[in-house]
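Structures for review follow.
In the two complexes that follow, chain A is the common piece, with chain B as its partner first and chain C second.
Showing the complex of A and B:
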């Protein structure tokens, strides 16, 4: 079907694509960020944001603002937009849109399970959950004692159920297990999403495979770096890598045996797209790696808008908006804590 | 004549000492005739000087909005009209608002807490009443036990953990201990999920009983009514209990202990009921208190909101001024009408005096750099007409304002299309009703449609009056002719024409005094006669209006001192239009006066095709052929006259000024070479002159006029077409509905016919036809009339004024 989307795409997807492109044009620009970075108080930020699309959401907030309120309201806007698009979508776009939220769902499950493990209040945890990853029975996650119970009680009803089949053990939950569970789930999720996009074909498959491969590779690198010095065996580590992406399969073999960050670097520099990424970072430094990855991701996401008649724009838009909210959170935090010198450290300009 | 040209404007600079700035700006806002220029356009809102005050006002506005929402939510509508409230300073207001918000928050918070406690009790009561039904002692219990036992046994074969369960269950049966129970209440929507989850969590070892609650419970956070379901879970084992309680918690299901003894149950229910009634009283008292607080706020809410709006506007205006730190003064620039400059000066002096400032405000004129805004002093009568013109484009500074003519021509052209004095009277009644209600409607918010109608009440009035006039000329009253002005000039020769009133009429006395003779009505030649009359009238009206438009372009050119435009645009345009269509108009008048049978189409067409041919029977007067040839030649010369000279002369002028400039530069270069870098003043004044662009522009203009002369004249024929459609439609409704129904001797049919006639007249003729005639009149003004002279590239004068502020806030 590749090349013929232009004939039929607009029948079902045209309206929503227009909507999402409209939303994209309301993303904050570099000049907005420059202005925001000059703010002295959170009220200034509110004042500036009131001139943007966030205005109506922040309008009626009483004045001593908190960073959490700003982030919450901005997220609310994203959720509203997402819900609107989901309501309008038809198959297979609606499934595609739902896939986007599964990542948040996994994060929420992990958050609640970890929280209950450390005996936090469930309501408090629920407030911290990302609203995009909510499902009906999420509160009852706290009941579960081990993985199989978790699966049997709650997750069997959710879309995550098929991903879970790989990590059912009757072991008790602990931090390590949960982290492994998260990564196994994520691996299964990414692979499933990848397969789904391949099935859709056309430009969607092409662009999404690029974006998802990048995501998978980034996770692989992060898993490797985080598992250095832990008791995770090489084979276990190898199992957590998703079975696609630029690094698959040879890069994975090499990553699996890495013992320190410089070895990771050596592996990655064999791949030209990542070489440029690592060349910006001096040896032994892993702090800036996250930012570099985020920047690269934003660049790729922006490129997704260059083509028409495909679904990747929805994915890209959601991710960009999330990045924007992360930026706002960072700026607000810096402003609130009087750390304005660090404000540029973690802000990634989208345009 | 105020309306003919916009007010003269002056750009003034204000230098205001800081201490009197607030006072000065607020007085100016009261006066409302100074438009400030934003001198800080490059600064973002929070970098400006008074950003803090704006923020504070925003905060206050938010609080007021919050009060308003609360008042709306509590459903208070009737409160005593605001009594004399002491005037508050804005700072006091801020403190008061904060206090009030705090108080209200506290009240709401308490209320919510109370309500939650109340809900808890209510739920407890419901659970007690319902659950006791499930938990009736002895018989029922053992029954459940047996069932559960069977359940376990039947499941035992399949479940891996059967042995474990049996261990749990069997001892309990052995000890004859009772099954434990958890009872509670849950939202109806979550009931199924809860049941499923409980089933899974206990692996099916439980009994779930439920019954819908009879009362709905108010959710305190959203104040919505929620339907709930009472449930009782029977199970065994302590571990299961913790599990079940956790699940219940996860589903927001509130669990309440239900004692198993009937007497204690009764006792508790009684206790709960008494506490409930106590609680209700407390709640009512709280609500009363809250409403009192809200009513006292509601009394001043509007006044405060207005005050805060003004305050915000003042600071926003102050933010537009330049803050000069060293001199401790604010520098502002703005436009004001030249005539009110003295008044502004006086106001500023008053402000200085009132703020006890040592230094006065300095006001002086500045050299304007951009074109001044356009400001017309309108009153409630002229405003609507000015709006009609402004909708097309705001007049340039001091450009001729077509509104002056539109006031008469617009309703008149409307009436030409709508002429029927019956319908006119209906419109007049409507317009008079609007005028009678003027005072009442002015201060009241009306719907968008009514608002539009009300804004155009004077337009409507004039339209109605002119419609009656034109209707009398057309002699139509709901399409029925009357003979007010003496009898018809025609009569029958014999009796034959009373049945076939088409032939044999002859004129026996003076023509009918005013308007169309009633005898034309229904005759065979009615349509040809009326068509020819209305068509010719349309062309006459059109040519007159277009001539007026061109004449106005002359006024414009003379006012702005553009000799070129007079000589090479106005003159040839006038000649071209009048030598063709002016001549046609003349022929029409001559034909009317002489009663000649000449065919004017033929005359006009052959004037172009073969001007030298003999006119024959179409000749209206002597020397017509020679005149036609002369006019044709005039028209033909007018076209190149319009096209060529203007751009060439412009180029020549430009070259001359350029030469002069070169002399100067040569002289200068001997002294200093740096002169080359300086921008040339003459260059700037004339801008970049591009000959080809100017020529193309002139060509387009010329072609547009030449073609437009033909097409615009044709366009005026819509006057005839719409008038024809209107009169035909009303004839059809009158004859085919009213007369047809009257033909039956049946009261119901007659009544139905009358109703249908009234309905069609009201909706199709009075509403849709009015709209369409209005739109066509609008088009004739915007396109055919205004494109002759009107540029409409100005911008409106938007003074800083409190009165416009409240208008915006009101809508």
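Showing the complex of A and C:
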């Protein structure tokens, strides 16, 4: 019953909600980012980070540091926190937490399949996979030749199995098909997650449907922009859009026929929440679009913390941590390549 | 007057209700007063306690200050106990002939009403204090200037006023004819005789 969750939420979720809010208080602030942006070398970055919560994870790294090491250790911290919360959680929170990682699982599957296609070594690919999306039989993905084998041998035992019903074909895997497979899987995953949240009801459903709608709309725009000029037909493009969100169904109809960025902008400006986003980008530029979307996402995720007694705080925390790791990666790369002037191009302050 | 003339026809529901002993009503009132109050207090304490424990992991400094939320919830249970004790002192034994007298019935209903008011008011009060305590603990963990210092008025004095003061007004005043406090008529006659002396 919406409005009365405060009476019973704390039975199963009170402790974990308090823990995730404690983790949220350790996200890096603007002053931390300012310190980091002024670093000269990666060792300076390590020194600054050792004063934050990342300290225990970075202190044993020998110099010279690589940017990938920093990112890896920070991701390890996120994974540890996630596993701690998952162990403590009961249903339905544990299912909710698992849903958060399916996106990473999809990315890992696509990574390995693409890497195999380009004749890379499986071990090397496994090291590049995101640790949140690992599952047991992931190494055997390298054996599959086409999609139905992929499904039959490996994926039928994973939580991704129900998402495959829409994209099993007997075609051999090549770059185009793999991208289509990735987007089809992601569409099925988002719709499934959306239905699950609606079933949970209450504040969780309301806040998560807002966050997931934004995600669906963002993916629709990115798919449109990335498939301009490729041989993806309009119908195929239309099939990759999710069946919910602010743009569904009329915006999708219009986006499917777009041929360049200005047409996309014209479509998006009919929707007030996205109009303000697109007004920040001048005509003809699409590089800043990513940053604008990330900023909007961060704003909405921070708002999820304003309400108590719902599960969306967990989702919001994981996404904000990932954004922070992206920020750290950008800063480290800029410092390592001596491009400090571009540091502020892509760092998004969370608070 | 006996209860049966008050209610009329012997086969109506009103007659059945009137024939329930006022001791039953009083006992239920006292039981609800203490039982449901403690239920409300316990519910409130678990709501606030689970958040407090989780938040104190990252911010141990909040534990001592936020115990006050738990104390306010506990106070709600104490009010229920106090009113239950007061109510049970109002019970006296009454001779069988006066058991269904209207004054006895009224006294029984009065104790029942007082108990119900206290019990359910404290249930809701305990819940609300618990929810506020949980939010307060979480926001204190983020930023210690957010801790509410002025909750004392809201959470202590107002529940005290309503859950103890209001039933007090419902209770039958002891001076007027409360048959529960009336002496045995034989003894009263003796006393009356003694006054004449």
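Everything below uses one rule, namely that the second predicted complex is superposed on the first by the 351 of 351 C-alpha atoms of A that agree within 3 Å, B and C clash if a C-alpha of one lies under 4 Å from a C-alpha of the other, contacts with A are read in each partner's own complex, and residues count from 1 in each chain.
Everything that follows uses one rule, which is that contacts are C-beta pairs under 8 Å (C-beta built on N, C-alpha and C of every residue); 3 or more make two chains touch, one makes a residue touch a chain.
This one's a predicted model, so the numbers in the text were calculated from it and none came from an experiment.
Q: Examine A:206 and indicate which partner it touches, taking first as chain B and second as chain C; both and neither are also allowed.
A: Neither partner.
Q: On the A-aligned overlay, A:6 touches which partner chain: chain B = first, chain C = second, or both, or neither?
A: second
Q: Applying the document's definition of touch, where does A:72 land relative to chain B and chain C: first, second, both, or neither?
A: Touch status of A:72: no partner.
Q: Looking at the overlay, does A:43 come into contact with chain B only (first), chain C only (second), both, or neither?
A: Once the two structures are laid over each other on A, A:43 reaches chain B alone.
Q: More residues of chain A are touched by which partner: chain B or chain C?
A: B
Q: Tell me the contact category for A:191 with respect to chain B and chain C: first, second, both or neither.
A: After superposing on A, A:191 lies clear of both chain B and chain C.
Q: Contact-wise, after the overlay, does A:296 reach chain B, chain C, both or neither (first, second, both, neither)?
A: It touches nothing on chain B or chain C.
Q: State whether A:140 touches chain B only (first), chain C only (second), both chains, or neither.
A: A:140: touches chain B, not chain C.
Q: Inside the complex, what are the residues of chain C that reach chain A?
A: 43, 46-47, 50-55, 57-59, 127, 131, 134-135, 137-138, 141-142
Q: In their complex, what parts of chain A are in touch with chain B?
A: Chain A residues touching chain B: 35, 38-40, 43-44, 47-48, 51, 59-60, 62-63, 122, 136-137, 139-143, 152-154.
Q: What residues of chain B sit close enough to touch chain A in their complex?
A: Spelled out, the residues of chain B in touch with chain A are 44-47, 51, 55, 58-59, 62, 65-66, 193, 197, 200-201, 243, 246-247, 249-252.
Q: For the complex, give me every residue of chain A touching chain C.
A: 6-7, 10-11, 14-19, 21-26, 308
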